[in-house]
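Once you scroll down, you'll see the structures, which are given as structure tokens.
The same subunit A turns up in both complexes below, where it pairs with subunit B and then with subunit C.
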Partner chain A sequence: MIGLITKRAGMAAVTLFGVAVVVFGLLRVAPGDPIAMMIGPGATADDILRLRASYGLDQPLINQFWIWLGSLLQGDFGTSISRRIDVGQLLLERLPATIELALMALLVSMVLGGFIAIIGTLWRRHWASGAIDGVNGVLLAIPEFVWALALVLALGVAFPVLPLSGRINPSLTTDFRTGFSLLESLLIFRFDLAADLARHMTMPVLALALPLAGIIARVLREALSEAMMQDYVTLARVKGMSELRLILFEAMRNAIGPTLALTGVQFTFLIGGTVIVEKIFSYPGLGNMAIDAVVNRDFPLIQGLVLMFGVIFILINLLVDFAVVAFNPRLRHG
Partner chain B sequence: MSALLSIENLSAVSRRDGKPILRDVSLQVESGTIHGLVGESGAGKSTISKIVLGIVSGGVVVTAGRVMLDGKDLVQIPERDKRILIGSQLALIPQDPLTALNPGRHIGDQLTDSLRMWKGFNRKAAWARALELLDHVAIRDPARVMDQFPHHLSGGMRQRVLIAAAFAIEPKLLIADEPTTALDATVQKQVLQLLKRLQAEHGTSVVFVTHDLGVVAQICDDVTLLFQGKVMEQGTAATIFNAPRHAYTRALLAASPRYDNPAAGLNPIDDAVIAACYAQIQQFDGVQHG
Partner chain C sequence: MLKRRTFLAAGSAGIVAAALAGTLPALGQDADTLTIAFNVNLPSFDPTTGGSAVNPTIQAIYCTVFDQYIGQGPDLAFEPGLLTEWGFNDDKTKVSMTVREGVVWHDGTPLTPEDVVWSLQRAGDPANGNPVSGVWASIGNFTVDGNRIDGDVVAFDPTIFKWMAFLTGYVLPKAYFEKVGAEAFNQAPIGTGPYMVDVFESNAFLRLKANPNYWGAKPNFETVIFKFVTDATSRTAEIESGASDVTLEVSYEDYDRLRETEGLDGVAVPISDIGMIFLNNIGPMLDKNVRLAAHHAINKQAIIDRLLHGYGIPIDTLQTPEYEAYDASIKVGFDEARAIKLLAASGFSTANPVRFPIQTTRGLKPKDYEMIQAIVGMWRKVGIEAEIEVYEIAKHYELRAADQLAPAAFYNWGDAIGDASASTGFAMFGPTPHSVWDTEDLDAMIGPLWTEKDEAARISGWKAVDKYIAEEGYVIPLLQYVQPILFKSTLVVIPNTSGALQPSLISKA
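Our next item is the complex of A and B:
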């Protein structure tokens, strides 16, 4: 166990170093210059040089890299060029909003996908299962940003029932102590705030969750149908278990492991999707900030964000591995 | 004696090509007896068992006949009643113990399902009863086995667990579909003896599916011999072995190792006998459709 953990930690370190090298290198070869984005008209060549030097951009590339990496190891992400704030602080401010959004989307997609898979398996010999497959195909085929736009048109414009942007109504007094506003408002019983946060989250959450729900439904449905044909289900049927019970207590146990493994991989894609979805809904998370950072060629911020996403992906993969083992008794006991 | 299970004129065809799978099969299982269902591969033994147990696949269509259990027709009663009736009164010992236990559930949970569903046991009482049952099928250290998963157990152990599970609810009728074919010869014998002992203790009626006439001779009271879904010969085990009427039965007896005289050797079944059987079936099909 200890050996496994050290091995995984070592692999994570190597991965993150690779990510750091790649993002640093790509940013320097990509066109665009952060200083050019920030200077006003009438700046002299001297001003520009001074500004460059103040961000260390006058140094040779390899030195820039080592300086950045050295400070990183001390927990210093550098200073955002466009916002002039510590990158670490910016990341910590935005991270909770994205975590809440992504986890909520994951929860919704698991519940919805699980429901579709169970109903589809229950009705697998019925014509209605074809209709369910059809609906599921639609969920799957449409990417999150198209869902976002469709939702905006439907629930924001045609039937304006949900707020179009932001995370909370600015007129509500919000002195949250953490960035996990939804969780916090629930914990302090401010259900008015929670309701408003939920209303703001609904559309971005759905946009992110619907495609993943489709994938989960399809994989789980497949795994459940496969399990339902096994001998042990037949024997359980002879015991007199109802169809629903067979699905939930006999088949599900063996179908959930492989489904979780795939859900984990897909969840990393969902997090990638937060970038565009947060932008569309002006949701104040990491993804939204990432787009601004790229537009402004804010090297330190982009680098910090990419590393942050890298850490998140590694953690998700780790959790998935543990979950898969936890759901498979054969692996659990070696 | 009255028949507990009475299969009357049961016919079934394949959904895909309409090919007959069962041809007008009738058989009675008397209370407290073991009825051997014998036939070579594809004869329809498992299909009959599955129809009785309500687990026949969608590929098989029952075209005629009744399956009467205690006066109720299992083919006709509503799905829900059937599930409850089968769950509470019938049990199955499957052919392959390696696939018949859920790999993701503890042995203890799988053993206590029926007790809790149909016998009104609570969790604790069911657990205690399951321990007794495991002890009864000669499993050592039952308490540990209850907490294990199927992959911890050998094939023979698993079959014992499945037998314990089958007897848990004291079923009226037990269907054993080649319960020993997947096991080694020595384990086979033990499991067979165990089955016979439990059957005698509980007075359970059993349908015993096999293609091994030696096994039939050891434990069955009555025998139905099938060929291509058609009953070739039927009667008490004694008559079948001592005074077989059908040429196919005689050929089968000659072809199987003699339980009373192992030195006698084997005689392969004569092609002419098989041809005669097919002719009989063709004639039957002709009468049905012509």
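Our next item is the complex of A and C:
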């Protein structure tokens, strides 16, 4: 296990360096100049030159890169051009909101997808199987942003039962010490705050979770169906185990591995989906900030965000690898 | 000892109970709280540095927390702000300003003339990152005597006092800023404005509370919440569901639909934003016949009626009727026959059209791309074949600053001080980084106006420039935008010609 961790950590460092080079290079060749974005109507050519120098953008590209990388290795992500705040601080402030949102979406998608898969396997010879396939097809076919808009119209406008934007009611007084507001409010027994946070989170979580639930349901159901035809399951059935117990305690053990691996990969897409969903719901996470950063051509912030997403993706893949090994004894001893 | 299961059960039950019981106040329903679904995010609180300092929309928030040197009414008229008197001496070599007495910062300390001097000097020092530091550096060598500030004119700019009500023209607290530093100020700013920052969560909301010591009219609400809802569909949903009390910049279709809804009201008036087509003096645009034909071929009223639901005012110069140098007698007019004749004189026709690209954004302004599509269709009928290139606004700024725009490029221009220097001046004077039309004839006309000391001569000079531009076809002004604002019927909203939706202009009905 230690060897695996060392190997993966080395690969992660190389990957992150590659990400840093690519994002730095792409930003410099992409259209849009951050200084041109901020010049006011009265600005002169001299004003522009001075602004360019003050942000270090007058340096040769290779110098800019090494300065940025050198600072990065010392934990300094630079200063956001548009927000004029340390990028590292900004990322740390926003990361918990996105992690909470993504983890809640993952939890909901796993519960919902698992439920659909189990019911579908249980009723695999029943007429309702077709209906379950239909529901699953709908979940799979509709992307996050369409779910988001549909939820806004349904639960925000037609039946306004949920708040449309933000993470918490702006009228509430809060004093969270961490960015993990939902978790923290539960730990300090502020259930009123937790309820408000949950209400604000419901629509963005559903928008993110529903497509992933469809994928999980399809993969898990296929794996369960295959497992249910194995000899050890037949033996257990002969011994008198109920179908539900067969699915949960016999077939699930073998079916969960490939599902977990795929869920891990899909979770990275879910994190990517937070960008547009956070924008639609004005949810103050990394994704929402990423759109602003791109619009404003805030180079330091975009670079920091891409690296942060890179770290998240690498960690998710690592966790998935370890989880698959942990669930499958053959791999553990291989 | 609290067991895990007990904790989870209690937690879940608590959340469900709280959610179902509706113990939390619904947004936008407290009479003393005004909730605005705002169309842009607030990236930074310093109103004098960075890109947000020159974003016209964000000025609504800055004006609410800070005060400007000189105030401006919703009709763009200038009025006393933190300065009660201001002006040049007779030969325009000195400036004098009188600072309002009895004003206190949000932390209770008094506003002093030193704050004003420090703010002016900081804005004029290029090291501090003010995007228009050159404007502020035009005055200096300040001396303070009581509440009076005197200074020298370093380089005469007739509009310097107008800038004091415009972008980056804010007074900041010297002592507090120097004590906490720029970054801390950005996170916990204080001003002298009618509302004080209570909670700020970027990309989510800004909660302000009324300033009990405000020197002006008492704030109309105890609490003002700006919710940053940058998606237009979500803003529509906010007002439609009652979650917000006021919103702006929704689609004209939604505006027309929702203002008829019970409990909602709306106001839509022309603001100081215009839509225009920059012409670059390259290729086919060097031909006056082509330029004028391109202008005459556009039926602006039809575009407004069909694409913008009638919300817009056709314009023929870069001035709108609210601007000081507006001249209603300057007309270009829609005249297809004339366009065809002009093109024929240069050897072009529908069979042999003149060809050039036209650049536009898509979705930045209402129906921007569709307007250009319509214009290209109108041009095709007279013998102009234009190819549409869509780009992001960031690319537009980059190309414009480098003078590399296509022969024609759509843009929107704002001029909240209503001075011709900030519209025709910056947009058309070759040496500025904003203009892409660089010809000596026009520059020779505009150049002296930057330092013209006789105000009447300056205004008539700008009118002459606008007339000349229209005759030569150096730019194609299209329309003055109308800003749609939707609000609950329990409120009264005074629209602001500058487009800044300020809470001080909203009151209870």
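Side notes on the structure shown:
One rule holds for everything that comes next: the second predicted complex is superposed on the first by the 334 of 334 C-alpha atoms of A that agree within 3 Å, B and C clash if a C-alpha of one lies under 4 Å from a C-alpha of the other, contacts with A are read in each partner's own complex, and residues count from 1 in each chain.
The rule is short, and it goes like this: a contact is a pair of C-beta atoms (placed from the backbone, for glycine too) under 8 Å apart; a residue touches a chain by one contact, two chains touch by 3 or more.
Quantities reported herein were computed from a predicted structural model and do not represent experimental measurements.
Clash-free side-by-side placement of subunit B and subunit C is the outcome of superposition onto subunit A. When subunit A is checked against subunit B and against subunit C, the one touching more of its residues turns out to be C. When the two complexes are laid over each other on chain A, the CA centres of subunit B and subunit C sit 160 degrees apart as seen from the CA centre of subunit A, to the nearest 10. In the superposition on chain A, A:46 makes contact with subunit C only, not with subunit B. Using the contact criterion defined above for the overlaid structures, shared-chain residue A:125 touches subunit B, although it does not reach subunit C. In the superposition on chain A, A:253 contacts subunit B only, with no contact to subunit C.
In the superposed model, A:311 makes contact with neither subunit B nor subunit C. Shared-chain residue A:236: touches subunit B; no touch with subunit C. Between subunit B and subunit C the least C-alpha distance in the superposed model amounts to 24 Å.
On subunit A, the positions that touch subunit C within their shared complex are 31-48, 50-51, 54, 80-86, 94, 149, 152-153, 156-157, 160, 163-167, 169-172, 186, 189, 191-192, 194-196, 198-199, 279-285, 288-289, 292, 295-297. Contact residues of subunit B toward subunit A in the complex are 53-55, 58, 83-84, 86-88, 90-92, 94, 96, 99-105, 113-114, 117-118, 149, 151-152, 162.
Looking at the complex, you find that subunit C touches subunit A at residues 11, 14-19, 23-25, 27, 30, 33, 35, 37, 41, 43-44, 46, 49-54, 126-127, 129, 131-135, 163, 167-168, 182-183, 186-187, 199, 201-205, 207, 223, 225, 227-231, 233-234, 237-238, 240-243, 391-395, 397-398, 400-401, 415, 422, 426, 431-434. Interface of subunit A with subunit B (complex): residues 125, 230-242, 249-250, 253-254, 327-330, 333.
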